[in-house]
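To keep things clear, I will list the structure first and then write my remarks on it.
Labels A, B, C, D and E are assigned to the chains in the order they are written; within every chain, residues are numbered from 1.
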Amino acid sequence: MTDTAPQITEEAFRRPRNQWWDVWDQFRTHKGALVGFIIFITIMVAVLIGPYLWTIDPGYIDIRARNQGPTLAHPLGTDQLGRDMLARMMAGGKVSVAVGVTSMALSLILGTLIGVLAGYFKKLDGPLMRFTDLFLALPLLPLLLVMVMLFREALSSRFGPETGIFILMVTAIGITSWMQTARIVRGDVLALKEREFVLAARSIGTPSYRMILRHILPNVMSPVMVSATLGIASAIITESSLSFLGLGFPPDFPTWGRLLFDAVDYLNQYPERVFWPGLAISLTVLSVNYIGDGLRDALDPRIRGR
Amino acid sequence: MFTYTVRRLLLAIPTLLIISLIIFLLLDLAPGDPTAQLPLTIPPEVKEKIRQSLGLGEPIHVRYFLWLKQFLVAEPLHVFDNLFGTHFADGMQRVISWQTRSPVADIVAQRLPQTLWVVGMSYVVGVLIALPIGIISAYKQYSWFDQIGTFISMLGFSVPTFFTGVLLIVIFAVNLGWFPSIYDTTHVVDSWDAFVFQVRQMIMPVMVLALYNAAQISRFMRASMLDNLGQDYVRTARAKGMSEKVVVLIHVLRNSMIPVITVIALGVPQIFGGAIITEQVFKVNGLGQLLITAIYANDIPMVQTLTFIFAVLIVLFNLIADILYGILDPRIRYD
Amino acid sequence: MKLKTVLLGAAAAFALAPQAMAERGSDGQLNIIYWQAPSMLNPFLSGGTKEVESASLILEPLVRFDETGEMQPWLAEGIPTVENGGVNAELTQITWKLKPGILWSDGTPLTAADAVFTWEYCTHPEGGCAQSSYFDGVESVVAVDDTTIQVNFAAPKPFPYTAFVGSESPIIQKAQFADCLGAKAPECTEANFGPIGTGPFVVTDFRPNDVVQFKANDLFREADKPAFGTVLFKGGGDATAAARSVMETGEFDYAWNLQIDPNVLSDMEAKGLGKVVVAFATSVERLHVNQSDPSASLGEGRATLEHPHPFLTDPRIGKALSMAIDRSLIAEIGYGAGGVPTCNVLPAPALYASTANDDCLVQDVEGAKALLDEAGWVPGGDGVRVKDGVRLSVLYQTSTNAVRQDTQALIKQWWSDIGVETELKNIDASVFFGGDPGSPDTFQKFFADIEMYTNNFSGVDPEAYMANWRCSEIPSPKTQWQGSNMQRFCEPAYDALVDKLSQTAPLEERAAIVKEMNDMLMKSYSIIPLIHRGNPSAHANSLEGVRMNDWDSEIWNIKDWSRAD
Amino acid sequence: MPNKGVPVLDVKDLKTVFHTRSGEVHAVNSVSFYLRPGELLGVVGESGSGKSVTMMSLIGLLPSPPAEVRGGRVLFDGEDLLNVREERLRELRGARIGFVFQDPMTSLNPVFTVGYQIMEPLRKHMGMDKRQARVRAAELLALVGIPDADKRLSDYPHQFSGGMRQRVMIAIALACDPEVLIADEPTTALDVTIQAQILELMKDLRDKLGMAVIWITHDLGVIAGIADRVMVMYGGQVVEQAPVKELFGNPQHPYTRALLETIPSVTGERTERLHVIEGQPPILAAAPSACTFRARCVYASDRCACENPPRLTVGPAHDAACFWDPATGQPRNTEPTHTGAPNAG
Amino acid sequence: MLDDTPRTLVKVRDLKMHFPIFAGLFRRRVGEVKAVDGVSFDIIEGETLGLVGESGCGKSTCGRAVLRLYDITSGSISIDGQEIGDAGYQKLRPMRPQMQMVFQDPQASLNPRMTVARIISEPLDEHTTLSKAEKQERVYELMDAVGLNRDFANRYPHEFSGGQRQRIGIARALALNPKFIVCDEPIAALDVSIQAQVVNLLEELQDKFNLTYLFISHDLSMVRHIADRVAVMYLGKVAELAPRDALYSKPLHPYTEALLSAVPEPDPNVETRRERIILRGDVPSPAHPPQGCNFSTRCPKVMDICHQSDPDMQEVEPGHFVACHLYPPTTKPTTKNMVASEANKSIQQGE
């Protein structure tokens, strides 16, 4: 007979270890998330380290080698100007992932900030939630289009076409996508605020900012992480949609969305050219989604370890 | 319930006003104006006159109220006049598109049918696909059906519609020749054959959008079902000897539908504005395409009107979602 | 669509059907796709090709240009010339005679008064007419009688065929537009959406930015024409989709402006449903080399003649840039059958085409390098040439368009081979060509070192076109950035030639002057022509009578189109 | 209370296992008991002792997975419930076996009227039409002491207070005149005064209707007041079983004894210090092969660690699963009891 | 209690905690939930005051209000001579170490993302300037005191059982050497066998550190065990307040009586003989308390006067206070220090 009591028994005692190991242990048990994680890491490595190994300039035109299928020299073939698709995929991935991650980070920061403030401070709740409703009521894609139209020129002249558009894109996606996070976070904060450990901290006299940092924020991390992963995915899609509508990055600047968009014209002739960016976007989004699923479980210490 | 509804309605008004102001300001501050499209040969004085006639010379708040009046008073009155042959709106300035020089409302009215047909239908189809998938996925959690459902719905969000759209066209229109690749907005359904043609031309755009919509809604449905399947009342229903069909399709479903219905209601406004890309791909020249051409053409009245209409719809459906919530959930019904 | 194709196939199998036009409307429906949809049908209120060409089914001018650039009398009985007395000796008056018995589609007769009204309409200062340049120099239009129109010019006009000539200057009905003069013009929605015309078709349904439906004009002057009973004029989407719908799915009969990868086009053509047709006129894709300094530090003086460009005023640099370019490769990749390399800003009509500059057709990278060496520019550490601390680095802008971006990428690479650093910039076409004085990115402001676009001229006479490069045409803050001399080329000798041309009537002499002007421009290397562009469109194989035309509306002769059977 | 007749429910060697991420949890380990008609059997134990799981297992109410009923026999009216089709179980549930659950807040479906929820089993099992069912539902509500029963049928659960909701639950459970009512901690979530009302109601209803009841609770006080016979569970096993007075008067198992000593009372002597059972109840990863209570037992001997004590008869209708005899303070040496139903005599 | 008893540590006078209700079209304030409505009591240093009542009677709100976790509506609270009823954050913070709280749900009262050591040392972080090592030492001391193995310091709360979690909560409350601890249903969520462990621990600690408890519970039998004096609350008010033995042996208020009779006894012999007082109906909503005596709607001994006026709290026997019309008011209000009847009265008149 084996007794496995929920409490720790003396025999089970080990040196305490970093809680992230526990998170990882739990995360590993989620097969989808693990596969997603491996794929995502692979993509990240390919995108970040790949260009150092595959040194062909993504903008280099080798006109004699245009429209080639996969060869040893060009494993993913070349485009209509003979630019190496592999190099372009890596360069494009860097941009797409950067857009995804940065705009997600922006929207998370905004969303968490507003959610925490609204949830924690009763006085701010009304105004901030009205503000959130307002943003929710603003039609997003149109607004995004309008913003891109309006500020694109100003920004690209100030920061240069690429950085300018990057800033614009990230800001536009970021400030039009924080509302869900804010709502979730607020809901969680409201619930957390009623949790007794917050009351316990209040009974100690913990000031608000420390309360938020110590008790509120760590406990809203898991919904935030989950919406983070979803955010990366939707930002990548949004960027590619904007590219499709001709409002994204400059055309010679590769992003996955742009590569896919450019390749759509050649769908009949060179289907593989659609395939690669399509696969990259789908894989990234899928893997990130699955990571989100896994994180949701792994970040919850109550599920973790059980 | 009544107070609740009225309260929500009243709250919607300031929201809409602020939204209208934001939209107005955002576009108003945009560089470019309609006279930019006029040939440069027109002397500046004349240009200035044209600007004046378009109301561009006025201070910003005057123009805002003018626009509000046009939008909220003049346009509805025009519609009223058209319907009942009255003349209330005579002499009132309508909101005129800079690009086509015609009343914005007329064009919007012209575009509505195809948008409703295609995007609306896709939403309905999406919901009809999503609900059973969500229910089965949740009921058989972690089964192969659930796993595949999860994968497909994730794929649903992760593939951009401009890609799936073109892919479908190449397969079904070009290679198989089953469906037309270009949507005929002038098509009138007046016979069986015409109806069949309408169905054929709708299939591809509807499927592309339905996949996307279904992906999202089925995830919600699944989560909501899962939440409810674990509830105590489910056990009570089973303890009463109710069949699984009754337990799942009556007891659990009714409860799970409460959040999902609101999600569905909140998604309705997207029908009007969210399908820009699909409309582009299939040449369904609906409201989305109207908006994008207006943006390209710097047609600010059109953009303002459309964005505002979208905002009104979003607020409206928010309201409907809230009220539906109240109707479906007896706990909310009484304030 | 499919059913129709089958029927057509069956009909074609008989191959015995009479070639002659059966009767008006007997060929059923014609489907045309313009991937940019018309926003209205009044060509005077919008200068867009889509509006002008869709309106050309309804509204007609006195004279149209055919596919060779020759004038064809349309509403007019003949072409007035000095010889036949239609043009007076002073070249200040032209008298047109309308064909008799022409009716508007509402049944009223077309009269000279309509032409007079059209002139008033388009020249009204508050009307914002997009085509007012066609009436430049017109002092008055007089209806001598119901069928005689007299156009008086303020100064001698050696080429007087501008007003009421070509699809951009058609005649509108006075009765319909009488209340739409001046500021009221934009408010006449009904007229703007459904003008009454004399053309082969009348509008039955107009949906802005979406679709136009036409039906044959019962009162059209030529019996049995048009062969098609109805026309569906669909807009929206993109060029590839339009090409696909004609050549791959057969849903449409005619697709406009297919500027896409020539390989894609030829692949589509291989399907056998339709074919690509290209019309050449005077369009030249060219680089403008800024002779003024565009650097932002100059403030108000930016990109004006007061501040010459630090290095691009040296024609040797321009020449080197030109030599480094492989024009035939650009043509091959971006244009296919739709473009040929050219070394002239004025490649057509043949009469005016110079041959003096053709050595640019061959790429000469080494020569370009040598030239730059000679000019004192030596490669720096990073391969970019430097002289007196100035880097040979240029900003190269154009509008957003897949072919242009490919071209940009190619040229950037060639220039980097000769040690010129290039920064690319592309601007949405509506902004770039929008002419908004508030935007820094218009092609007139030219806040860049190099810019690329296509320009051409309507009709066959280059006089006005060549006058574009006079000093007075330079855009500047003083002219509200209006003007057509984008590269800020200013040469008194050139201006003198412009004046001389305007006073010369004999064709050969005019040709000689024009060639001289062309060569002068080329030698300055302030303008680098790349491609003599054709305009590619596609039509279904079953469609007959298409005579692709870049001098006028490309569907100028739609009345003659018919279904092959 | 009647204490004779053929058992309406006879459970033998019931085993239930849960599959969790960290392995199996053996929640019910060879549980045997019986229930006579009209009798009220109290089942006591701490949370996790397997008392609810046992009752849910009988009638197939445990979600599977994760639960798995691994063995045993459940005779209900001569039928082995573990071997019948799901369809048959559904016919029994709600009709011949009624359930009342712990939390009346969550056990009623919030979006259906109370009337609908009472009428559901009536229409399904009794074949009533809508009108008949409604009349009967109103009677039932009146029976469980809800004033204005007729009107309240169309109210929703949230319009009732906690005590009233529990009455509704009882009305649902009793709708079809079941032979057995299983009440799973029906008063735990209620306040004492409301609990007293419900207990009073249960006594009334038993007098009127005469069904057999299994009353699961962790509150020995409630058991003392209502039960005829008591079964004490620990670690998924029955550790002691006896008529109520016998159990409280003469507890045999150290766990029962400790439990009785732990609880303070509002009357009688007040002890200075509470007695404590040190340690925690176990969670079993495998079927027990030793006494599950030994770690917390002051009387544990070596034998307890290598042998799971069987249920030994210690008195008339009284058995305990312990080797230790409180009367002597020595290990006892008795034959295993007959844990099934005694033969009707 | 009497004047000669040791000093009073906590003095609560006419404490009111009303939560506003907003309703209607414009979300106007239409009323208030009178969760705590005029509660007065004293707690003497070193004793345990039991606060019992049914759910919703306001006992937990009262406990939290006493620690000023809420901004109270009115009334005065003084702890160790210092008035904190109207104190602001700045004034309260240095007072916090004196008064601590142990919570009901040991799962919810511990931050799931903090280790045991961090949870216990949080009060130290806030209020002391100890070095890291000193803090750790103190944490270990506290863990010893509540019977937790030091080795568990770096574990997370979910790894513990309910009883152990409650020990963590108690250790946290003890960290700053408080004088006064509010125990808010500390055993309600625990199993029977564990309840006794925790109660014994609380008692041990009280002796060891001379703690004063306000022990809130709905479990009358457990309160009888731990408390020295007991206050019975009903619908936001104290119905009866008396020394433990007096209350249990001779309850004066009909509500106390009913409550005690409803508690089931773990003895079948007693149970079968007992005459229960079964209260009719449910507790009214604190948003709409009945007129007159709060208990008048359910009271088995209700009189006419009960529907009209709210009885005052009065000292019927020494130290035994009750608010019921069954006990006619003494001619002169008590001047003893226990309950400020005058204050109560003046408020009544003011209404």
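The working rule: contacts are C-beta pairs under 8 Å (C-beta built on N, C-alpha and C of every residue); 3 or more make two chains touch, one makes a residue touch a chain.
Owing to the predicted nature of the structure, the values given are computational and were not obtained by experimental measurement.
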Chain labels contacting subunit A and also subunit C: B
More contacts between chains, A-E or D-E: D-E
Greatest separation from subunit D - chain, by CA centre: C
Centre distance in Å when subunit A and subunit D are each reduced to the mean of their C-alpha atoms: 51
Subunit A-subunit E separation of Cα centroids, rounded to whole Å: 49
Inter-centroid spacing, subunit B versus subunit A (mean Cα positions, whole Å): 26
Inter-centroid spacing, subunit D versus subunit C (mean Cα positions, whole Å): 91
Shared interface positions of subunit D, touching two or more other chains: 280
Residues of subunit C touching at least two other chains: 248, 428, 431, 439
Where subunit B touches two or more other chains at once, by residue number: 31, 174, 280
Subunit A residues touching subunit B - in the complex, by the definition given at the top: 32, 130, 133-134, 136-139, 141-143, 145-147, 149-150, 153, 233-234, 237, 240-241, 244-245, 257, 260-261, 264, 267-268, 274, 278, 281-282, 284-286, 289-290
Residue ranges of subunit E touching subunit D (in the complex, touch as defined): 54-55, 161, 163, 191-197, 199-200, 203, 218, 220-222, 224-225, 245, 248, 258-272, 274, 276, 278-279, 282-283
Subunit C to subunit A touching residues, read off their complex: 240, 248, 260-261, 263-264, 267-268, 329, 333, 400, 402, 405-406, 408-410, 412-413, 424-428, 431, 439-441
Complex contacts: residues of subunit A adjacent to subunit E: 5-8, 10, 13, 16, 19, 195-197, 199-207, 210, 214-215, 218-219, 221, 301-302, 304-306
Contacting residues of subunit B [partner subunit D, same complex]: 231-233, 235-243, 246, 251, 254-255, 258, 328-331
